[in-house]
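One chain, chain A, appears in both complexes that follow, with chain B as partner in the first and chain C in the second.
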Partner chain A sequence: MIFRITLKELKENLREGRIRLSLLIVLALLLVSVFISRGYYLSVQQQHAEAKEAARDVWVSQDEKNPHSAAHFGTYAFKPKYPLALIDQGVDKYAGISIYLEAHNRNEAQYMAAADQTALSRFGELTPDFILLFIIPLLIILISYNAFSRENEQGTLRLLKSQGLNMWSLAMGKWWSVFLPVMLLCCLLFGVAAIFLGSLEDFGTLAPAELLIMLLVFLLYYAVFINLSLLVSALSKNSGISLVLLLSIWILSCLAAPKAANNLANGLHPYPTRMAFEAAIAEDKKNGLDGHDPWNQEAIRLEKAVLTEYGVDSLHQLPFNFDGYRMQKSEEHEADIYFKHYAYLREQHERQTDIYQATALFSPFLPARFLSMAIARTDYHTHWDFADAAENYRIQMQAALNNDFAQKTSYGDWSYKADRKLWESIPDFSYDPPELGEILQTNVLNIVILLLWFGLSLGGLFFATSKL
Partner chain B sequence: MFTHQLKYELIGLLRSRWIQLLSVLLLLLCLFAAYNGRQKVDQRLEAIATAQQEVQEGDARALALIDSIADGHAVNVSSWQMPDKPATIGNYYPRVAYMPPKPLALFATGQSDMFAHYVKPSMRGEAMMLDFTEMTNPVQLLFGSFDLAFVFIYLLPLIVIAFTYDLLSREREQGALRLIAAQPLSVLHWLWQKTLVRILVLGTLLSLALLLSLALQGALTADTLPDLLLYWLLSLAYMVFWFALAFLINLLGQSSSQNAVSMLSLWVLFVLLIPAVVAQLGNSLYPVPSRAGLVNELRLVTAEVNEKADDILSNFLRDHLELASEEEQQTGFWERYLASQRVIQEEIRPVLNTYEAQLAQQQQWTQRGKLLSPALLLQDSFNELSGTSNRHYEHFRSEVVRFAEDWRAFFMPLIFKNQAVDKNVMAELPTFTYTETGDRLSGFSNFLVILVYVLLVVAGGFVYFRRQGLESVLA
Partner chain C sequence: MIEAINLSKTYKGGTGGIRDLNLNISGGQIFCLLGANGAGKTTTINVFLNFLQPTAGQALINGLDVSREGLKSKNYLAYIPENLQLYPNLSGLENLAYFSGIAGKDYEQEQLEEFLREAGLQADAYSKRTQAYSKGMRQKVGIAIALAKQAKALLLDEPTSGLDPKASNEFAETLSQLKDKGVAILMATHDLFRARESGTHIGIMREGRLLETLQAGDVNHSELEKLYLTHMN
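Moving on to the complex of A and B:
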């Protein structure tokens, strides 16, 4: 029975000009956006590869110099783009792409793409995620806003009832008739994306499972919207009201709720300004161990401690260069200061995330949004992960350089110059984004909320149809 | 006749639950949005005030030290932190270069969540390369802010749509339209007046909500009045544009729900799709070259320049004889550094110019593209009037770069001539003052363009009605 209803509804929908037209428009938009996205992805990937190679080249081919001078010269970590960014660009353009790794300082990622764009792009861009997250739910509303209200207006509902038709079967028939074309559309998009991704050289890192799970997230998100649309349509007196109500729901969950969550999060748990953050770190550093300043109080204390530990009475008698040793101790101390301040930043970020998740109870858009960009590795969490990896690399790099200086020279000897061998002995920075399992684990709440939305809206639909 | 209809429609509207609900909703949305805007502006002001206070405290400490040194007391400060050295003041006692919010900044967040409102450029001369982006959760930037601009650009049209989608079709569906048509009046005029009444009602509500929410946030002062007037005109024009569309759609003679679908499709077109396509085209046509590439280029130039630092310094002193010390030629760190910084800047300038040129091209494209949608015109004007547009931040940036040059120029002679910083020098330190870059003209021209849109749509309605005749509406 459900099958027959689905077939009839499908035929009817496809006969309607506006639905055919909007399906075609959405399909065209999707294909164009994937195509644009592919070009963008390829060019960014190439830029990244070139920059990474050049940065390594600059590092290993630097002149012979004191290891600590090389530490100040530093190098760069570049954030790679994950292939699934092709489908969801997430927050990528609002996060920096490169981190300068130098002695004494943990730097923030620089050069967000959005800073090189006009205010217009804040409206959104023609990317697959824009179509998938915003436009397709609208398409669903357009197809199904009058599913029940029209039957009601035309009096056919009464006829159907008199035939003894189970209203739940009717609802399910209508449900599938909306879901099937949308699913087809999505599968087509993901199919095209898979072909593009398959043609990439670094496709190896991408498991088909990820594409599939992303597809499932979107389908679940659409199922919620179909439930809601049918629910509202069953409850509304006429189609016009149903449409206006559904649009209000759409705007609330896709535009208003995320923005309101933003203001709430920023009001309650604001980030410090960049200047204030840097000033706070500088203040902490001032009171601590300064590797460049042997007369600094902390440095004198360290000197005494080391002398007693080795049972000698002059720094010259130490088996290593105390300058290098102090430099490394100071580096470790500074890394701790950064760790403390970044821990605060992370805390603020986690509190903000909690607010987004609480708001997700009012908006099915939010969990879908966060899940999809998490799988695409274009979310904020991945950015943190990258920044942390870069910081770890920086700490190891500093340790290698300082230790080389401390071991190979004696106290007071600043004339030592290391060469290419040392530069090459420090491995190139490479970053692997978190694995799928880990991502699903951190996003378990988003999954639960999305499922909750699905369950509740389906229950609502069941309840509403039983009352028809 | 019109007064009769006005009275009848007004009573009908005021009694309608739907309208009461919408007015309360509009008011609440405006209040919430204005509150959010105020909060952001307050955060901005607070950050600037804190930074300035820190500078004052730092100055007081420096002055005390300078006094002690002048009096011949020993001070417990390491050599590179001695405030009587010009390089110390130039680097560790920078001024706050800040961009104060415009009086109506709370109206549109614009780009203000992305860029910093104050920086402290030091003598090192990195101002040109300074990262002006603010430290923020990128999710904040992705979702944007719930501000008045959002309420007006996105939500107001939807309220208009809810107000008008069945303006004529409902009368037809209830059978009243034929009765009205039988009366000695033109259906066109009747519909026109009906629309006008709604424009008046919603316009009044909108104005009240706007005034109330701004008044509550203390943004209603005499100096905001000209800007506010322009905001108000723009918002009204935008609202009238959506009414005009409803007028046209109602004349097409479709059913209420078809009208609603048509109106919503237009909303999606003007508010979502056209902006997205224009933005995408701007980025695709004028892509900014790779920033990742810039990073390496800058490093290579710097390394090259550092290698030649000594030559550069002597060339530099040859060009700037006034800076050469009369005593023996000093070739200290700062002399060398400043001289080579200048060379680096000169070498990297052309590369940076390519970024600015592409961004300027994008900007130009946007200026043309905005004509395609009243929503874009409105966003452009709102950001412009709130002082949160890209143009404002670029202006701030160039002001900072100029100030950083002044700051450095102030210290250069002191360093090269080995002069100590005393009280007088501290009193003469350059200070940053932001010069406003107001532009009401573009707001007004955007207003006119929206009016042209309105006229075109209304004229379209009239022409269609003349061609199709009454029957197409009645059927």
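Moving on to the complex of A and C:
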């Protein structure tokens, strides 16, 4: 019975110019957006490969110099682009793509792609995630806002009921008739994306399971919108009211809720301003060990402790260069300071995430958006993870350079110069994003909220159809 | 086949509805319910369709209490409203196939065409979308749906309202054929002439009560009109 209703609904919908045209427009937009994203993705991939290679080349080709000078010379960590970013670019354009790694300082990611864009980009971009998250729900509303209200208005509902039709079967038949074309559109998009990604030489970390799970997230998101559309249509006295209500739901869910969540999160758990953040770090640094200042109180204290530990009277008697040793201790101290302050930022981020997840109870858009970005590795969590990986690399790099200086020279000997061998011995930075299992674990609440939306909206639809 | 036993339906506020209605329409009978607007004709049909729950009494279709066995009782009945609407983007044939399928009856195209022919729809309209159909043509598809369902009971709510005399006459002929096949028909109407011509029995309702029941053949048109007006005044 459900299959029969679905077939009839599909046939009717496809014969309606309004729906046919909408489907074609969305299909065209999807294909164009994938094509545009493909170009952007290839360009970024190429830039990333070139920049990475150039930075490494600059690092290993630098002149012979003191290792600590090389530490100040520094290098770059570049954030890789992951295959599913083709579908959801997430916050990548706003989060910066490279971090300058140098002695004593933990730097922020810089060179945001958004900074290179025109003012028009403020109005949104034609990307697959824009179509998937904003436009397809609108398409669902357009197809199904009058699913029940029209039957009621034209009197066919009474005729159907007189034929002994169970209203839940009618609802399910209509549900599938909306879901199937939407699923087809989605599968087409993901299929084109998979073909394109599969043809790349550098296939990256894409696994078919990830593509499939991302597809399932979007399908679940659409299922929620279909439930809501049919529910409102079943409860509305006429199609006009149904359309207005559904558009209001779309505006609230997709446009208002994310902004409200953002304002609420920033209001309740604000990040410190950059000036305050840097001032707090500078204050902590000032009160701690300064590797470049041997007369600093902490440096003097360290010197005494080391002399005592090694049972010698002079720094010259130490089996290593105390300058290098102090530099390294200073790095470790500064790393702790950065760790403390960034941990606070991370805590604020987690608190803000809690607010977002609470707000997601009022909008199915939010959990879908967070899940999609997380699976694409274009969310803030991945960005934080990348920044942490870069910081860990910086700490190891500084340790390698300072230890080389400390071990191969004696106190006061600043004439030592390391060469290419040392630069090459420090491995190039590489970053592996979180595994899918970890991502799903981190986002379990988003999954639960999205499933809750599905269950509650389906229950609402069941209730509404029982009243028809 | 169509039976009402002390059937009452009271709306909130106590207005309208039906009061203590008793009816028994057997196969091969056409019972025409006459009455002014608000007399309770449509309410009676809605109760038999289980669209409304009775306040008291029973509405039975083929012996099944419709308020208890709503879905089952619908297996035996067909319904044609005053202004039957179909799916405008589907043809008459597709509408018939869909509604028959909903009722659990699957037919080959030839059989469906036969039902449409029997209902009096011209052959060149079968495959046209029903958005271009007149009311009379839609009513014929409604008859075809009833034929395809092989319903034993047919409920009609003002089916000839708005039809031109020719279409109304064709409709009456089709009803007569259904009657001859043993279908029990309950028709709510304002049309005294059509009730007298098509019905085997006539009931006059006022304010929810069935005031009088008579055999159509026992009165002529003017007697029926006089009787009707007597009850309405």
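Here is the rule we go by: the second predicted complex is superposed on the first by the 466 of 468 C-alpha atoms of A that agree within 3 Å, B and C clash if a C-alpha of one lies under 4 Å from a C-alpha of the other, contacts with A are read in each partner's own complex, and residues count from 1 in each chain.
The criterion applied here is as follows: contacts are C-beta pairs under 8 Å (C-beta built on N, C-alpha and C of every residue); 3 or more make two chains touch, one makes a residue touch a chain.
Keep in mind it's a predicted model, so treat the numbers as computed, not measured.
Between chain B and chain C, more residues of chain A are touched by B. When the shared chain is aligned, no partner comes close enough to touch A:K467: not chain B, not chain C. By the document's definition of touching, of the two partners only chain C reaches A:Q154; chain B does not.
By the touch criterion stated above, A:K421 is placed in contact with neither chain B nor chain C. Applying the stated contact rule after C-alpha superposition, one finds that A:E50 touches chain B and leaves chain C untouched.
Of the two partner chains placed around the shared chain by superposition, chain C is the only one that A:M1 touches, whereas chain B remains out of contact. By the touch criterion stated above, A:G164 is placed in contact with chain C alone, chain B being left untouched.
Of all residues in chain C, those touching chain A in their complex are 49, 51, 71, 74-75, 77-79, 81, 83-87, 89-90, 94, 98-99, 101-104, 129, 142, 145, 149, 155.
Taken in their complex, chain A has these residues touching chain C: 1, 4-5, 8, 11-12, 15-16, 154-156, 158-166. The part of chain B that touches chain A in the complex is made up of residues 32, 36, 39-40, 43, 47, 50-51, 54, 78, 110-111, 114-120, 131-146, 150, 154-155, 158, 161-162, 165-166, 256-257, 259-261, 264-265, 268, 272-273, 275-280, 282-284, 287-288, 290-296, 299-300, 303, 307, 355, 358-359, 362-363, 366, 369-370, 376, 379-380, 383, 389-390. Chain A meets chain B in the complex at residues 18, 22, 29, 36, 39-40, 43, 47-48, 50-51, 54-55, 58, 62-63, 73, 76, 78, 90-91, 94-98, 100, 108, 110-127, 130, 134-135, 138, 142, 145-146, 149-150, 238-240, 242-244, 247-248, 251, 255-256, 258-263, 265-267, 270-277, 279, 293, 295-296, 349, 352, 356, 380, 383.
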